[in-house]
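One chain, subunit A, links the two complexes that follow: it is found with subunit B in the first and with subunit C in the second.
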Partner chain A sequence: MDKAFIQRRRRDLVVAACLAAIAAAVPMFVKDVYVQNIMVLTLLYGALSQSWNILSGYCGQISLGHALYFGLGAYTTAILFTKFGVLPWFGMLSGGVLSAIIAMALGYPCFRLGGHYFVIATIVIAEITLLLFHNWDWAGAALGIDIPVRRDSWVTFQFTRSKLPYFYFALGLACVAWFVTWWLEDSKWGYWWRAVKDNPVAAESLGVDVFNSKMGAAAVSAFLVAIGGSFYAQFVSYIDPESVMGFQFSLLMALPAVLGGIGTLWGPLLGAVILIPLTELTRSFIGGSGRGIDLIVYGGLIIAISLARPQGLVSLFSRKPKPAANPVREAVAS
Partner chain B sequence: MTAETIIQSLASGLLMGLLYGLIAVGLALVFGLMDVVNFAHGEFLMIAMYATFFLFAFFALDPILAAPLVAAALFVFGAVVYLLVVRFAVRAKANTGMVQIFSTFGLAVLMRGVAQYFFTPDYRSIPHSWLGGKTISIAGIYLPQPQLIGGLIAIAAFAGLYFFIHRTDFGRALEATREDAGAVALVGIDKNKVFALGWGLGAALVGLAGAVMAIFFYVFPDVGASFATIAYVTVALGGFGSVFGAFAGGIIVGLVEAITTLILPPSLKTVGIYSVYLLVVFVRPRGLFGSI
Partner chain C sequence: MTALLETRNITQRFSGLTANSDVSISVGRGEIVGLIGPNGAGKSTLFNLIAGAFKPTEGSIIFNGEDVTALPAAERCQRGIGRTFQVVKSFESMTVIENVIVGALVRTTVMREARRKAQEVLDFCGLGGRADVLASDLVPSEKRRLEVARALATEPKLLLLDEVLTGLTPVESQKGVELVRRVRDTGITVLMVEHVMEIVMPLVDRAIVLDLGKVLIEGKPTDVVRDPKVISAYLGDRHAVGA
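After this line comes the complex of A and B, so read on.
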C-alpha cells in the first residue's frame, strides 16, 4: 500500500476530528436561534449529500429521486409514533432499514438502465410515491401528519425550548456519514464502486460484481438518507408529502456534492457549508420580497460554479495537480 | 362508463398527446445532436407561454398569429443559451455529464427567478382568444378547438421537421453532426454553428407548443416543471434522441393519461404515465424506438 495514501487518510481523519470538535464548540458562542437553525440544516444537508454521494458520486449511479428515502424515513418515524406510540429512535431505525430494502428492490430492475434512463427512472419513482402519499388517507394524505409534542426529552427526541439537541444529533449524523464514506473509500466496496463508475464493462471483466456493488451502494445510501429524514420529521414536527418527498429534496441532496466535488470525501460537506447558509440567507434577506431574487442568485451560482469548477470546489484545496483520473482517455482527447 | 365517454377521452388524449410530442421533440433533437439533456426545457416552454401572453396583452395579437413570432423569438433564445452556457458545459474537463445536468438545471432556476421577478408569481390566462373555450363536434365527439388546432400544428411541425432533416443542407449537416461530430469538422462544417442552430430549432419547436398551450392553460413561473417531467418521459419512451420516437412517445403519453383519468382520481393522472415509462424501460432499457 502506498505510504502517501495511508498518510493522507490519517490526515483526513485527524482533520475531521478537529473540525467536529470545533463545530461542537460553536453553539457555546453562537446563541442566536436563527443562526443555530441554519447550522442544523447545514449539517443535515451535509450528511444527506454525503450519503447521496456514496451511490451517485462513488458508484456513479446518478439518482435524482433520493427524496423518496428521505420521505420514507420521515413518514415511518411519524406514523409509528403517532399511530402506534413507537419511540422515534426505533422509528428511525425501521425507516432506515425499510428504505435500504426498498432501495434494493427498486435497484433490481433499475440498475439495468443506463445513463439518462436511470436518472429519469429515479425521478419518476419518487414522483409516483409522492402522488401515492398525497392520496393515502391513512397516512394523512395531502394534509400530512402533525407530530404531537409531549415534552422535551431525549426519549421521545423532542425539544421545543432549545435547538441544541438537534444540533448535536445533526453533527453526529454528519460525522457518521463522513466516517462511513471514509471507511468505505478504502474498502473492497469503495474500489469496486469507483471501478463501476469509470468503466462497468472493464470492471465486470476483472471480476467485480457490478450489480451487487450497485445494490450495496444503494442500500447504504438510502439507509443514511432515511435517518436524515427521520431526524427532519422530529426537527420540524410536522410533515406532509410535499415537504419531505418533493423533488427539491432530491436536488438539495445532490447540489452540495456537485458544488463541493462529486465522488470526493470532503466535497459534500464543503458544498453544504457554502450552499445551505447562502440559500437560507438569500431567502430571508432578499427572498422575503417574494420576487424571486433568491432564485436568481441561486441559479446563477449553480451555473457559474458548475462551469468554472467542474471538479468541484474541493479541488481548490488540492496542493498539486492530480494525475489524470483516466490517463488514456485524456491522452486521446488532447 | 359508456363507449362514448371512452372514445371521447381517447380523442382528447390523442390531441393532448400530439402537443406533448411537440413539447418533447426539441429535447429529443438536442439530445440526439449532442447527448445533452436540457433540464431547462420546461422553462423554455414557460418563456414561450409568457411571450404569447404578453403579445396578446399588449398588442391584442391572437396566440395563433403570435405562434410564428414566439417560435422565432425562442429560436434566438435557444441559440443564445447554447452559445452562453451549453457550449462551455460540454467542454468541461471533468464530470462532463454532471456539469451538463447542473448548468442547465441552474439555468432553469435562474429563469424561474427572473420570471417571478418581472412577471410576479400570479397565474395569468388569455381571456378571449379565437379558439379559447370553443369546441367542435365531429361525428358526435366534442373536441376542444385549441387542442385540435394544436394537434394539427404539431403534425405540421413534425412533417416540416422531417422534410427539413432529410431535404435541406442544414438538415443533412445536423444528421451528420449527430452521427460523427469529429468527421463533420474535418469536412469543414462548423460544429458550433450546427449545435447553435440545433438548439435554436429545438427551442423554436417548444415555442410553437408554448403558444398553443397559452390558449388553454394558466401561465405562471413554475408552469414548466410539470410539463418538463412529462417531456423527459416522452423522450425516453421514444428512445433518447429519436425525433420521431418523441412523436410516438407523445401520443402514447397522451392516451395513457386519458385512460388513467378514466380509472383513477384526477390527482393521480401522471401516475399512469410514469408507470408506463417504468414498464417500458424495464422491458426495453433503451425506450421503444431506441437502438439496443
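After this line comes the complex of A and C, so read on.
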C-alpha cells in the first residue's frame, strides 16, 4: 500500500520538475513582449492561487479578502524602498512576515466565525484596509506610490528593458508555492487542515488543534501571497490602493483554484493557465468595444467550465481508480 | 487499583432542562462498561461530557488520576480518551487510510510511522482492503468501523463508543461485538452507549442504567435486566409488576 502512495508523490514531483523546465525554456521561443507579459501574470496568479488554496482549499476557510495581503506585500516593499531605501528583497521578506502576523491577528477573532460569516468578515476587513490606504497620506493616499526607476539590476529588482527576469522570478515563485503545498500535503499540517475542513468536531476528538491549524494555514497563505504582491509592485513599478488591494485581486486568487479544483495540488496552476490568458485575450480582442462584451464572454466561459466540471478541471486528469467493487452497492444497483 | 475514569457528581443543565443530575460513575481499567437507558435518559450528554465536547455545569471528571474537567476535547484525546460519534462524522473528502492517519498523528509526527500505524489499525478493524477508498464511498457499517479505527489510531486508554452497534444487521452487529472484544483484549477500556439491550448485555462486564438524567442502577448485566426499576423505566410500571 505504501508503495503506490510514495510512487504517486514522486510522480507529482517529477511532473512538476518537467513542467518547470519546459516553462523555463518557453521564452527562448516566445519573444513577443505582450505574450511574455501574459505568461508572467499567469505564473503570478498561479502562485497566488496556490497560496490561497492552502487556507481556503485545504483548510476550508474561504477567504475573499486575500487582496489585503497582496496589497500589504506591495505597499511594504514600495514604502521601504522609496522612503527608507531598503532593497525590495528585504521589503519582500518584511511584507511576507508582516502579512503572516496580520493574518494571525485577524484570524484570532475571525476563526471563531462559522461558514458564510467568516467569508463576509474577510471581505469587510480587506475593504476597510483599502479605504484606510485611500486616505493615508504618508502612504501616498489615493495617488499611490511611484517606484523610482533605477538601473536594471537584480539588486534593486528592476528591469525596464526586458520582461524575462520577472518571468523567471514569477516562475520561481510558482514553483515555491507548489512545492510548499506538495510538502505540506503529506505532513501533519496537511492532514489536520483537511480534517478541519471536513469536520472540525471529529477533528477535535482526534486530537487536532483546530484553532491553531487554521492560524498556521492563514500565516503560510498570507506570507506567500504577500511575496506575490511585492513582486507585482516591482513588476508594474507604480501602485495605488485600487491597483493592489482592490476586491478583484481577491477574486482572481480564488477563481483559478475553484476552477481548477479547490483543495487539490494541481488545481490552482491548471486554473491559472486557462483563466489568466483567457482574461487577457478576451480583453484585448473584444474588450475595445466599450460595452463589456469581453466580460460577458469571460463570465460565460467560467460558467460553462464550472457546469461541465463541478469538481474542478483537475478531475479530468484524475488517476483515481473507480471505487473498488462494493458488493452491497452492486447488489442494490442490480 | 484506582478507576481509570470517574465522574463526580456531574450535573448538566441546558437552559431549563437538566440532562444529567448528580451522576457519579466509575470505570475500572480493562472493563467493558455499558451505559444504557431509554431515550432521553442523558446517556449521550454524559458521554459528550466525558469526551470533552462541552463542560459540565457542576461536578468533575477524573481520568487516569487527573482532573480533566476543564480540558478541551483535543487535549483529552492526547491524554488517552478516544471516541466515536453516534451520527458518523467521517472526513468525507479523504480516503479511509487518510481518515485514520489524522488519528495516528496524535502520537507521532513521522508520516511513515503514522501511515504504518493507520494500516495496522485498519487491518485490525477489518477495513484493510478498503484503505484507498474515499470515506464517502463506504457503506454505513463500514463507516462505523472507520469511526472505531480512527479512534483506535489515537492509542486511547479509554474508548468511548456511541451506539456503534445500533442499526446494523445481525451479522454486522455480531462482527461489531467481536471487534469490541478484541479491542478490550488489547488492554483498552471500553465505555459504550447502546440502547439495544440484547446486543450489549452479553458483551459488557458491567452495565450502568441511566434514567431521567440519574443513575438508576448499576451492576452485572444479568442482574440489571431483571431489576424491576429498569423494566419499568423501559416499558412502564405496568410491566414491572410481575417481575
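Annotations for the structure displayed:
Throughout what follows, the second predicted complex is superposed on the first by the 317 of 334 C-alpha atoms of A that agree within 3 Å, B and C clash if a C-alpha of one lies under 4 Å from a C-alpha of the other, contacts with A are read in each partner's own complex, and residues count from 1 in each chain.
Just so it is clear, a residue touches a chain if its C-beta (ideal position, glycine included) is under 8 Å from a C-beta of that chain, and two chains touch if they have at least 3 such contacts.
Here the structure is a predicted model, which is why all the values come from computation and not from measurement.
In the superposition on chain A, A:D186 makes contact with subunit C only, while subunit B stays out of contact range. After overlaying the two complexes on the shared chain, residue contacts for A:R8 are found with neither subunit B nor subunit C.
Contacts of A:K83 after superposition on the shared chain: neither subunit B nor subunit C is touched. Contacts of A:P109 after superposition: subunit B is touched, whereas subunit C is not reached.
When both complexes are overlaid on chain A, the residue A:E204 reaches subunit C alone and has no touch with subunit B.
When the two structures are aligned on the shared chain, A:Y117 is found in touch with subunit B, with no touch to subunit C. Set against each other, subunit B and subunit C differ in how many residues of subunit A they touch, and the higher count belongs to B. By the touch criterion stated above, A:R150 is placed in contact with neither subunit B nor subunit C.
Residue contacts after overlaying the shared chain place A:Y298 against subunit B, while subunit C stays out of touching range.
Within subunit A, not a single residue is touched by subunit B in the first complex and by subunit C in the second. By the touch rule above, subunit A contacts subunit C in their complex via residues 1-2, 4-5, 186-188, 191-192, 194-195, 197-199, 201-210, 263, 323-324, 326, 328-329. The touching residues of subunit C, when paired with subunit A in their complex, are 51, 53, 72-75, 77-78, 82-83, 85, 89-94, 97-98, 101-103, 105-106, 109, 111-112, 114-116, 119, 129-134, 137, 139, 150-151, 153-154. Residues 31, 37, 85, 88-89, 92-99, 101-103, 105-117, 120-121, 221, 229, 232-233, 236, 240, 265, 267-268, 270-271, 274-275, 277-278, 281-282, 285-287 of subunit B are the ones that touch subunit A when the two sit in their complex. On the side of subunit A, the complex with subunit B involves touching residues 62, 109, 112-117, 119-121, 123-125, 127-128, 131-132, 134-135, 251, 255, 258, 262, 290-304, 306-307, 310-312, 325.
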